[in-house]
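Heads up, the next two complexes both have subunit A, just with different partners, subunit B and then subunit C.
Take a look at the complex of A and B:
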């Protein structure tokens, strides 16, 4: 069949469809239509309870449509982060002193309190650019680049994706690849793994800047099942190489009987750690596999969006994520969308609450709570409406709660009487405006 | 080579299975709705990806794995 035949059949079908819908024959699309911009902007507040992390974020995504379905997308995000984050050391029944990551000062933590490093302060700017265009009748190609900069971290990335439709556009196969080249320039220089935190002014264990590369591959299929149901399944592979350690996280060295952190005496006349802690150490590579499935189901005006993700990696972390959204129209041009997300992960094989001084030192160890065994729940809702000039506005408010536990075999002596893995509670508030 | 043949065979079986599903071009009114797209709000999706990448050990699935951030 020639292209001309195809076109005349398409035109006949379009006319038949329009007749059926009673909308008449559409005016022919002007091939020289002026390109148009549209913008998707948002303001975000993310705040953890206590004195922990707060993030104010502004995001703008600009999209310019060209003729022949070609699309240019540009985005910019600015994050302003403040607050304190756990440094990895355990609580003690006495006050503790730590050297700041810069190595230039020290900070104190009250007895019985989870040690938090309160120097967490950063501004992050991230930019992305993507170009999408059809190739032939049934394929769509998308290429992009990304860059971000924060005080101690720089990222450059490129990505490409191709999607092809089959079966009257009811089946879409997609493949994508992304490469990320990142460099870390930690405050004070990255510490050598598993070396002790030193006195203020002593930088002899710092090894300078580090690099990290990440390769991501995604293969996916999207299938229209019927008029009301579309489903998607993706397989993702992610390989990270380089410095994957958190340069600011430490582990406490504890007595094998009491579970209390061993004391340390700073050099006279110099401030320094009051207890023995080591900087953490993670493997230099990590391979993740994940399977993601999603369904969108239309039910008399309401839309259910359900997804499930399983992830496993060679750090022995397994995770399951279920995400449910239900968009419920309210009147003509408003909706409310409740959201529930359930997440669970197992701990990394090298996760340790603390290190016992009489045990041989492991090659890899981290007390980072994000590598621990925990469950998380996000619950909230979004309310969206059309403004008087027909633009979209929405506000969403959600609560995020993380509850973890330390494997019983890792809890030593007095540690059993302390809350080793306190809950994390956060609020997510986001305003979005599309015009 | 074996992998390629295996993938091709899987694709054929899959395509045959999927060809019985779907709609005709004139039945796409609901599927074309904005609220029926796999990602309805890109800014929200990117924000969530960034938050959970920072706080959990998993990332990606829907698309590329997030990252480009010293937060994890």
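Take a look at the complex of A and C:
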């Protein structure tokens, strides 16, 4: 056939259909084959105030949807970190000199200033791959692998998760396990725990590369309560073994009366630390238990997402996290989502502001502010919209504020006049585009 | 309809969902009862057993017959509602039982809309000829049900009769309906189509064919020759404003055989052709 103009066939058919079905011809067709891949990309800026850490992070997630709910996800993240972090030593009323982690040079810190190590500069590349697949009518299995590399740290991990629906798909039970094998190759070699920071060029206390393994297990239940409410509860267990110490963190050795750091004289003609500091020491294992509960409540297009996490570990850190998000549609395809996160933790049992010279040396000690007693608030909002070609775009702006304190019993002499746990402020800005 | 019929709706209340499904079920049964060639006592049976006498038909039947005439003309006689009797010669059961041409030509004597006198509302055709509206009725039923659901204000609904389907409006929460098109094997999807508005229909059935001496005979018969259309695609899926249009374009594409893709391209429709 088709000596006829083919287009006239469509037109004639449309007319014939119109007279067959009468009026009430619906809106024109809008159909497309589901794209095989979709991509989620984001650009994140995290900046702490002052000279502290800045992170520019680019992330891309590619998902290939196969029919029958099988999904392959691949992701790549590149982080570029710059800035300085506290090295653990306390402020002094005099200038201080420290040997760099590499052992090849020294750096100075002004009097009254929190000692920051500014050699912190790194690029991190992380890759993940995940495969999800239904098993039977009601189960979903997910297996994955991850790897990341930065100049002093390599990570490999595998994970698996199974979820099964019950009760007309209103209840889902899930169990997951993840194993990670990490190796640390600190600049200049890892220092032996609780050994002094040495002069430039002296590597006699370096013990070389280290590694650690982490096992995570999670058990969870998700319950659809009614058509507006979904709740979830998880228990997670995490066990880390190996080198958990931060090879770049030190503690100041102080006089038991004044609280000032003891002076030290470098070998003549060689640069070296001006004060006595020891590299920190953490236990070789850590066991964490956490319980997480979440509720998502849908009301007329708005969604309230509230969660609470309690974590406790055998380092005696207990933490509580409350996270609230409220997604508020603005018109047809825009939304605004305010976010508030409150966090509090107690300090690790071996957290020390400094070590008193006359006291016996503890087995474990760290002045890392992240192991201290602190509260943190994250507040901000995300604004999202659909682009003209049906893709999702969003921008998120958040502020982070952390303030902590040192137990009064640990504050010695002149330390009482100094800010021993300075506040940390950061801003987070993220653009996301999904296509 | 000879296939599973389903309604997917976004009704929030059980009662509303029940009401909508009752509307669809009632309309599907009504059309089935009225136009199935397998049932006694309906209008198709009256026409097919008239023994050469004229039969007066109602408006709806007349509309369908007029529509069939348009397709007959558009397809240059290859879409023909009288071609069903060719099934007396052809049994597409996956075997190698290809009939003798003499047998096919004998049956072909009873095929051809040009032998029918159709003057609305009267239809008269020679004794032994039969009409079969099965090639139109399912798509028509899908569109009728979708129209009734729209009239009812039923919200976002998807009416699916054995893979021929139409939606009433985009789903409220997800932007698009996700429709899996079944592939060669049962229950295994070949591709996923995102449907915001409109309809999809698929012609062709991978399981209905004959295979002899390495030649595959598709069940798409050309009523002008009495033989299967050579090189017909395994299946053709078309998206269109209505299920009826989608179904007819996919059927016409199948009848084009090797030219199916070119035909579909020229129609400027969204379509998928599987060989």
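Methods note: the second predicted complex is superposed on the first by the 400 of 435 C-alpha atoms of A that agree within 3 Å, B and C clash if a C-alpha of one lies under 4 Å from a C-alpha of the other, contacts with A are read in each partner's own complex, and residues count from 1 in each chain.
Operating definition for what follows: a contact is a pair of C-beta atoms (placed from the backbone, for glycine too) under 8 Å apart; a residue touches a chain by one contact, two chains touch by 3 or more.
As the structure is a computational prediction, the values presented were derived from the model and not from experiment.
Once the two complexes are laid over each other on the shared chain, residue contacts for A:269 go to neither subunit B nor subunit C. Touch criterion met: A:227 reaches subunit B and subunit C at once. In the overlay built on the shared chain, the residue A:65 is in contact with subunit C alone; subunit B does not reach it.
Contact comparison for subunit A: of subunit B and subunit C, B touches the greater number of residues.
By the touch criterion defined above, A:390 reaches subunit C but does not reach subunit B.
Once chain A of one complex is fitted onto chain A of the other, the partner contacts of A:360 are absent, as it touches neither subunit B nor subunit C. Contact with subunit B, but none with subunit C, is seen for A:238 once the two complexes are overlaid on the shared chain.
Of the two partner chains placed around the shared chain by superposition, subunit B is the only one that A:214 touches, whereas subunit C remains out of contact. Contacts of A:292 after superposition on the shared chain: subunit B is touched, whereas subunit C is not.
For the contact definition in use here, the residues of subunit A common to its subunit B contact set and its subunit C contact set are 13, 16-17, 20-21, 227. Those residues of subunit C whose C-beta lies close enough to touch subunit A in the complex are 12, 63-64, 66-67, 70-71, 74-76, 78, 140, 143-144, 146-147, 150-151, 166, 168-169, 175, 178, 180, 183, 188-200, 239-242, 244-245, 248-249, 252, 255-256, 259, 263, 266-270, 272. On subunit A, the positions that touch subunit C within their shared complex are 1-4, 6-7, 9-10, 12-14, 16-17, 19-22, 24-34, 65, 67-68, 227, 390.
Those residues of subunit B that touch subunit A in the complex are listed here as 11, 14-15, 18-19, 21-31, 33, 35-38, 40-44, 46-47, 51-52, 55-65, 67-70, 72.
By the touch criterion given at the top, residues 13, 16-17, 20-21, 40-42, 44, 46, 57, 59, 61, 75, 77, 122, 124, 126, 146-148, 150, 152-153, 155, 157, 159, 166-171, 173, 176, 178, 180, 182, 184, 214, 216, 218, 221-228, 230, 232, 234, 236, 238, 246, 288, 290-292, 294, 296, 298, 303, 305, 307, 309, 311, 313, 315, 317, 319, 321, 327, 335, 343, 345, 348, 370-371, 376, 382, 394, 396, 400, 402, 424, 426, 428, 430, 432 of subunit A touch subunit B in their complex.
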